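In what follows, structures are represented as structure tokens.
Shared between the two complexes below is chain A, which pairs with chain B and chain C, respectively.
Up next is the complex of A and B:
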């Protein structure tokens, strides 16, 4: 190996490139940018403005935050349904004035004032809601008009009543409490805002109304088509916005008691900035309370810092406006490109140097020499099957195989012309074995480990295992349970080919060639599942040896077969018995002469072997070339091998043209015949093994003796 | 400076020169199955160079010169010392024969028995096509001065541009170079008037050469590699496209390190490179869309080989085309012959001579 290859090997061993794609695929990644922004803002301002992080300063910030949070949450609801509410600023001013007038001029008690002000805000919201929701006017223009109208009303009112509203003849302690009190050091307004935030979060994520909002915002037409009352839902969001604005105004009024004409001017920009900066989409459908909280914190912090830095009023709005512009631009670009980036960044090839490809050419004298023994085999179920990855036969010679439709299909002995759906599982059955009770245990792609009882009842055995400590993606769920075998004590060992791809995308794992797979042990005695071995390169076939303490497993992309001791004195040891196959091994099963059969699902090609040693090349290929044009292991050809426990190749069976049985994934010997399955095939092949024991069956061999004894 | 930067960004983004987008097979090139469904005339090993000579149809099969009877019987006429790379016939009875070893032989006619191994000072290395301008003048394509014809994949993968077009006076032996610096010229035909058309395989285009020495592309950005050009009974030209371009091959052509290691370590038969035949070995590369599902290869699968003949009008613009698609076997069409009865097609990769309905 050259120096650059050695470097490449270490570079890919040490740097986990695949984590980038895994992080990008997380839902919380939407919130990552605002949080980073917040962190940076805090860091910068606390460095250049020494006083900003003091308790006193924070106390004021916290009160402002509490008030803004109410309004921003209302805005979030409106945005989520695809609307916008610009009237929050003047509505805020109106409610502020209303609250002060009711308390100071009329001297009404809080129990009347609070509902009245909330009602007032809700009323403005209802006007918006009626116009935008029911009359279907444009949200932007409509709320812009309400912004102006309500502002005009506030000015008319303040001309007439501002003096009366400004001063109270008798002090109202409860009223001052609203704006000035702390609970455990936290301003009362922030505490209430926190409670409301939790409630709104539950409303948006756990309740019907919230889901309706997502539906309307995501696609208004689809929401209408499935029968949602779109108009009413949209109208309701504006009422929510109005009421929340009123709540914010109540605290503000109590805190400052100001009837000045500048109250609430430009507030809509601040609130919109907060909402969008947090990651709520202006286009609707995407938004959460958490995003809003982050965004509001940023905005409050930044605007406060700008004031402290002594910027003029206009200048600080300029800065806020620029931040909002940036946030909107990022929002649009992120939404548009996120999935595109994710799709490409997720595939993360790594370095793999396979041993030299053994010679296979006819006349080469190699053990793998090409022949055409499978060129003319019998066929079962041609054209009626779709993807019989594994086949198995019971004691009465009936044949079982999986299908891509999620069925286990049974062909009846002796001629296998009639068939029925034995059981419908729902996922693609990939590996099968009979347990000691003659129940069919099945690995189901996308679902996990299942068994079918003799009464044809489908029973889930396992679909999750322990989550590994450092995995970014959730690897506790099983994605591709692939093949299994059962130890004499009943423990089921099965392989999960990859934790990074679903059944339909399993071929992508070949381009990565990383050890993404693992072996899992299911213990029927306590129903637990534990990962036994991980970081395997697409572990596939599993087959118990006869010693009762070890099994063989194939690693497809590694072109190798390994023996693993799960019990006994050598427990935990691994030994690669065949390190250099000329193709990609799939299922392994027992042969009547005490040896093992293994199907090679595809053959190694020199160009792909070379590409495996050049991960950067494969990475660029994934970016540049359309997915259908990517190079893969050649799975249009395949062969069968028979090998002994020491890894000596005893026999090789080829289908030279690859016409009848491309991509052989499994083989099952039964009474002198060999049954062949293939993941992409529409048939099962039958091959007469010359000289094989015509009475030997897998079940009798494995369970027979033990049951009698 | 700006060039370097823009090239760097092109490489980074896969745009500009680094783009691997291909022209679609659409319009006149829309796929059909006309070659796949054409009647089989004869099954011959690697047939090539169909030519009408003194009322008979001649063709080559490796080093053998053969005649095709009216009912498809094949008669061996002669065996050359190396594979025959082109045949050209003239009404005067002259037959020009290019050999892969780098020789041009003339049989029959006024210059019977003459043989050329050099054109002026230039050694003949890869004689790929020729056509008689008149009884004394032969117009010749030399595909490359760096690689022999058998190494055509090397020439593609190393961006060979050492091809040239010559006019050879058979009487005096004087040769005149009409164009050089071409990327594997492998087809030549006289069009209507004084037009001379030459196909340039690696640049996927057809050039028009005029007597005053100008060379101009008339048909550009083909989705495959053009080879032989054949004048039909009228003014039309038949263009054989011996293999399709694919995104993966275009990508490999832009991947210097991978390409160099592939050339150094792997046999050309198994390269990611255009091919004349349907995949015959599991050692050949496979692409995702080319995976057999339920035992079937899909016709739209990405493929390194197809069969394609394009009918060009007098201005060398495509009018109609005949195809054998990815799932077919009649790939690698390198030569054809149009007559009143229809079109004879030699599928070199499919080992068949076919007759397509007109």
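Up next is the complex of A and C:
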């Protein structure tokens, strides 16, 4: 191996490229950017402004944060349903003024003031809601106009009543408590905001109204067409926004008692920046309370730091405006391109150098030499089957196979012309075996390990295993349970081809050629599943040997067959008995003479072998070429091999013309005949094995002796 | 409601003109200082700035956009020019730099909207905030710049009078209106603006370069904002940067929408701007003569704008089945 290949092998072994795509595929990645932003902002400001992170400074920040959070949560609800509320700044000023007037001029008790102010805010919200929701006006422009309107009303009111509202003749004792009190060192406003945040979160994620919001924001037309009262839902969000703004204003009024004309000016920009920066989408559909909390924290911190830096007026406007534009730009582009980026970044090829490809040409004298032994096999169920990946026969000679439609189909002996749906599982059965009770155990792609009892009841055995410690994607769930075999003690060993792709995308795993697969052991005694071996290159067929301590498994992309000792003195040992197959091995099964059959689903080609050694080339292909044009391994033409336990190839069966069975994934010997299945085939083949034991059956051979003894 | 509105034989432009005529007669009879040549001329002069800005806005709105940065651009591009001029730079280069700034801001608006695909109204609102911040932070030192020097011929732009009677701003407004009319009506770019506003995807499918055209629209509106600022500054010899925080930009939208240019784009022409300008000019002038306070004026204007938007949405209704997702 050349130095550059050695380098490449280590480079792809040590640097986990696939993690990038896995992180991008996570839902929390949306929140990661704002959180990083927050961390950076805290780090920068606490370095350049030593005073920012002191308790006294934080206490004021926390009060402001509490007030802003209310307004921002209202904005979140509006944004989530696809609207926008710019009138919050004026509404805030109106409610602030109203609260001060009620308390200071009229001397009303809090029990009256609080509902009255919340009602006032809700009233402004209701006007917005009526205009935007019911009259179907443009939210942005309409709330801009109500912004001006309410602001003008506040100006008029403060001309008349500001003196009366500023000073109190009869102090209301609890009033100052709202703005000044602490609960366990946390400002009262922040405590209440926290409680309301939790309630709003529950409302948005766990209750009908929240789901309706998501529906309207995600696709207003669809929400309308399924009969949701779109107009009412939209209108309600504005009322929420108005009431929440009033709540924020109450705390503000109590804290500062200011009737100045600048109260709430530009607040809508701050709140909108907070909401969008946290990751709530303009235009609706995406938004949560958590995003809003993060965004509000950033904005409060940044605007406070800007004030403390003592920059000239205008700086904070400039920074806020720019942050908002940047946040929206990221949001728009991210929403639009996320899936595209993910699709490209997710596939991450690695280096794989296969041993030299054995010769298969006719007349080459090679053990793999092409012949036409499968040229005239019999055919079962032609045109009636769709994807019989695995076949198996029971003691009464009935034949079972899977289908892409999620059924297990049974063909009746002896002529196999009649068939029925034995059981409907729901996923594509990819591997089958009978256990000692003659129950059919099935590996179902996309679902896991299932059992069909003799009463045809489908029982789930396992669909998850232990999650590995450092995996980014959730690898506890089974994606492609592929083939299984059952140890004499009843433990079921089965392979999961890959943890990174679903059944429909299994071919993408070939482009990666990383060890994404694993072997899992299901123990029926306690119902647990544990991963036995991981980082295998598309582990596929599994077949027990007769020693009761080991089994053979095939790794498809590695073109190899390995023996693994799961018990006995050699427990845990692995031995590659065939390292260099000329094709991609699939299922392995026992032969009547004590050896093993294995189907090669496709033959290797020099081009793809070369591509496997050039991961950058495959990466470029994934990035630049449409998915339809990607280079995949050959899956159109394979053959059948028989080998012994030491890895010697004993026999090879080909269908030279490719007319009957060019591609094979599964073989099952039964009473002197070989039954052939294929993932893409529309039939099952029957081959008469010359000289085979006509009474040998897999079940009797494997379970027969053991059951009696 | 739609049926009723459509049943009326007058179109919106004629309705606006009729209301204007009624208001004119009403004010002439009721307000004694209204029907005087000096007042009418100052009315025209005051409203012509608004009219010029409305021309720029109408170009953008016809192209299914909106430009909320116009007032900020007007104030700070011209303010920067005169700030540099007052610091000793020659007037020519100072104005050229100011114009360049305006064009650059317009282009940035266009790029944010066309290429980054931020909704127009949001992009320009955030840009307006950023521009005001930038202006105060870096471009103009004081709230108000007083231009005491004699600007010579340049000063005539704002304070001159054609034939010693008609104020130059009015003349320039009409000239710009004619230019915009010709541009929108008779050039291919004008046709593209209408096509984009009428149906964005269809325009794109027909091979119109939507994105560059959008950038062009916002650049044009920024240039017109600069022109309006120059005229205003030379008229009153001051630059008042506080204007950027005022609600003036909504007056512009008011003129455009009242005139009958639909906010959904593709409809209306410069003639609508003229009739809208006249109505709003009358209204503002009448309210000022009646000594209505600024706040009450704001309320009245806001209510009228709201009414105009409601009427607009009834004339150009949005259908649940055809409206765009995320169209805010």
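The rule is short, and it goes like this: the second predicted complex is superposed on the first by the 704 of 709 C-alpha atoms of A that agree within 3 Å, B and C clash if a C-alpha of one lies under 4 Å from a C-alpha of the other, contacts with A are read in each partner's own complex, and residues count from 1 in each chain.
Heads up, the rule we're going with is that contacts are C-beta pairs under 8 Å (C-beta built on N, C-alpha and C of every residue); 3 or more make two chains touch, one makes a residue touch a chain.
Here the structure is a predicted model, which is why all the values come from computation and not from measurement.
Chemist: Taking chain A as the common reference, can chain B and chain C both be placed on it without clashing, or not? Answer clash or fit.
Modeler: fit
Chemist: Return, as a multiple of 10 degrees, the angle whose vertex is the Cα centre of chain A and whose sides reach the Cα centres of chain B and chain C.
Modeler: 80
Chemist: Just to be sure I read the superposition right, which of the two partners does A:682 touch: chain B = first, chain C = second, or both, or neither?
Modeler: A:682 sits against chain B, while chain C stays out of touch.
Chemist: Does the superposition put A:152 against chain B (first), chain C (second), both, or neither?
Modeler: After superposing on A, A:152 lies in contact with chain C but is clear of chain B.
Chemist: A:605 in the overlay: touching chain B, chain C, both, or neither? Say first, second, both or neither.
Modeler: first
Chemist: Give the label of whichever partner, chain B or chain C, reaches more residues of chain A.
Modeler: Residues of chain A touched, chain B against chain C: more for C.
Chemist: A:631 in the overlay: touching chain B, chain C, both, or neither? Say first, second, both or neither.
Modeler: first
Chemist: For A:416, select first, second, both or neither according to whether it touches chain B, chain C, the two together, or no partner.
Modeler: It touches nothing on chain B or chain C.
Chemist: Touch test for A:564: chain B only (first), chain C only (second), both, or neither?
Modeler: neither
Chemist: Contact-wise, after the overlay, does A:318 reach chain B, chain C, both or neither (first, second, both, neither)?
Modeler: The answer is second: A:318 touches chain C but not chain B.
Chemist: Quick one: minimum Cα-Cα distance, chain B versus chain C, in the superposed arrangement, integer Å.
Modeler: 18
Chemist: Touching residues of chain A toward chain C in the complex: what are they?
Modeler: 82-84, 131, 135-142, 144-146, 148-149, 151-153, 155-156, 159, 219-221, 224, 230, 266, 269, 282-284, 311-322, 324-325, 328-329, 332-333, 336
Chemist: Can you tell me which positions in chain A touch chain B when the two form their complex?
Modeler: Listed in rising order, the residues of chain A that touch chain B are 386, 507, 583, 602-608, 610-611, 614, 617, 620-621, 623-637, 658-660, 662-663, 680-683.
Chemist: Which residues of chain B touch chain A in their complex?
Modeler: On the chain B side, the touching residues are 14, 18, 20, 246-248, 251, 255, 257-258, 261-262, 265-267, 270-272, 279, 282-295, 297, 301-302.
Chemist: Touching chain A in the complex: which residues of chain C?
Modeler: 66, 112, 116-119, 121-123, 125-138, 247, 250, 253, 263, 293-296, 298-299, 301-303, 305-306, 309-310, 313, 317-318, 320-321, 323, 325-328
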